[in-house]
């Protein structure tokens, strides 16, 4: 089932329009190519509508938002909606600044998203309109664990119901849910938090998955989250003595490049509620 | 002959001013260092003329053009022209959006380029003023093959004649031509299309080659194209089991770093017409 | 002593706000994670004050400054000053353009910096308000060597006295000084000049060190400079035949990831005057 999602990415080579931050943009482009998609980046008001039109899906990431890219996010989002393209929001740093929180909130009001993916602090900030995100990382007080997972799922389902988007809250344990069905995913490795961009890369890759599987947004998102976590495990297993986070990043993208549907099916560790 | 071009890069360490996209900019800087050149990036209207003045050549890449960098491209281009510095245009995504096509077209009118390098769809879009570029990749219907190569060469020569620039159309087969002489180059590896930036990196490196060989623009461009393709082959040969596109990118830049004039001379696979 | 500085980075995980160039920003983020810190990038006027507020230190790098990020540098710098956060200035390319020289000079007037780190040409340009920086690299005529080191130290001490900032002049030999005490550091490897961003990465890492050691700015800066140079040596020692500058960059960040306080203490090569 999850393998089928990747199979469709490989078959359709979805072209993904990314309005994303300049910190991890190269990694996002390479992971899109690695998973079988194709990236294009464009963030100028005068360019984004044409570019979105030739693409199949749109990934909006507010990691280094600014006064010139914010209007482009709205224009591209609306155009993508008009064309019924899947659109993903990655609210990087929502809760850490007013601009980030309010931009993400306004995007939610004006653009219909298929998926919203972030860490727990970002998603909470988005849901309540304010927050205490520690920079671009989740606040430790927010961490999802066995003790609070039921209430996090309940929160995520309600937020999904309100936004009509699949909600993907990623961290040590990942929650991917719509208003009725939830994947609890336990793939991944702590070393993923030692590189910049593991979240951004997942968002980019997830956009490729949902673009290739527009009628199965929930399953496609769960498949992308499992794939990323599984590749995080494989990358760690491949690490040699003396290697560190920079090589880990390469091995992670390499693992995505080499992942096939069967391996994803076999390696995915999740339960559905 | 081609080896001599690289020898001059190694001898002169040309300083190259890049106005380029933020997706592949780090790779462009590292490949410039790898080939023996030196990079500087600057894209603000108030900065570019000074920077171009202290450099030897200029690389203009419209990959993530925006309303603030576009005017800087014209200012830098004109200043470089006034100083007789070689200038290269990489019309990334021309044909995929009106802004890209019209900016590239206007650049061609107002700036004298030594070299224009792109994929076949981009170059066609530039020549006719519109196109059907599939994002930043060439349209498959445009691909250069044994059946259409004569007509592509004819087209490229005419475009060279009109623009007075060397035209480099790169893909599975590469065409590098001025109005009378054509290099048909068969170096390269399909894996080069699985990383972001192989085209951008080639443009940056090509600018170093032409800056170090200002009186041999055609030969220098052909040498850079052969060098990139040859290093793409070497990088693939060096790839270990389990490695993928991210490591391939590193091995490609590493191969450029280790390429010497003799190896380039020996490994270049081309015919001249 | 120097090891203690790194120990504090590992203990406190300082969150560092970076306003930096888009060329090396990914490397800066990954080296901050590698050394035990945490990065956030933000450069919009409307965003930087909030972001600086949630961080512990600020790294201002003018590598690809533009009309929209320059005002953000002043706003963030002033806010960081008001909060008594350590602030570092990396005047990339000062001396190579009027905009770079004048922006860096004005930053010095309006923002109190804890550390100013650059190559000798950049620091000289900053001190005299003009210069002959060769792009982003030091002018060879400026290079620090045994013949001129006393006069360079004298110059750096006076500049430190005037700016009340620790001055770090890095190159083949590194000088780290305040108005009275000077570290002369001889770690490092020539290959560090074959990758883009070794200076930017050092500035980012240095900001993590001073943020974690706010009462020992001089020692923390010297520790970061030694750490970077030592890791440059380790990265070179780890290089395999056929590898080049791209893999070297990975091995450098990996070495920072694996550096512990004892290894830093043992490997640091410096004298104090």
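Each chain carries a letter (A, B and C) given by its place in the written order, and its residues are counted from 1.
Note that in this section contacts are C-beta pairs under 8 Å (C-beta built on N, C-alpha and C of every residue); 3 or more make two chains touch, one makes a residue touch a chain.
All figures in this text were calculated on a predicted structure; none of them were measured in a lab.
Between subunit A and subunit C, two chains of identical sequence, the interface residue sets overlap only in part, with shared numbers making up under half of the total. When the CA atoms of subunit B are superposed on subunit C, the rotation angle comes to 120 degrees, reported as a multiple of 5.
Centre-to-centre, using mean CA coordinates, subunit A is 33 Å away from subunit C.
Chain contacts: subunit C has residues 22, 26, 68, 249-250 touching two or more partner chains. Residues 21-24, 26-27, 63-68, 93, 96-100, 134-137, 194-197, 242-247, 249-250 of subunit C are the ones that touch subunit B when the two sit in their complex.
The touching residues of subunit C, counted against subunit A in their complex, run 15, 22, 25-26, 29-30, 33-34, 38-47, 50-51, 54-55, 68, 238, 249-258.
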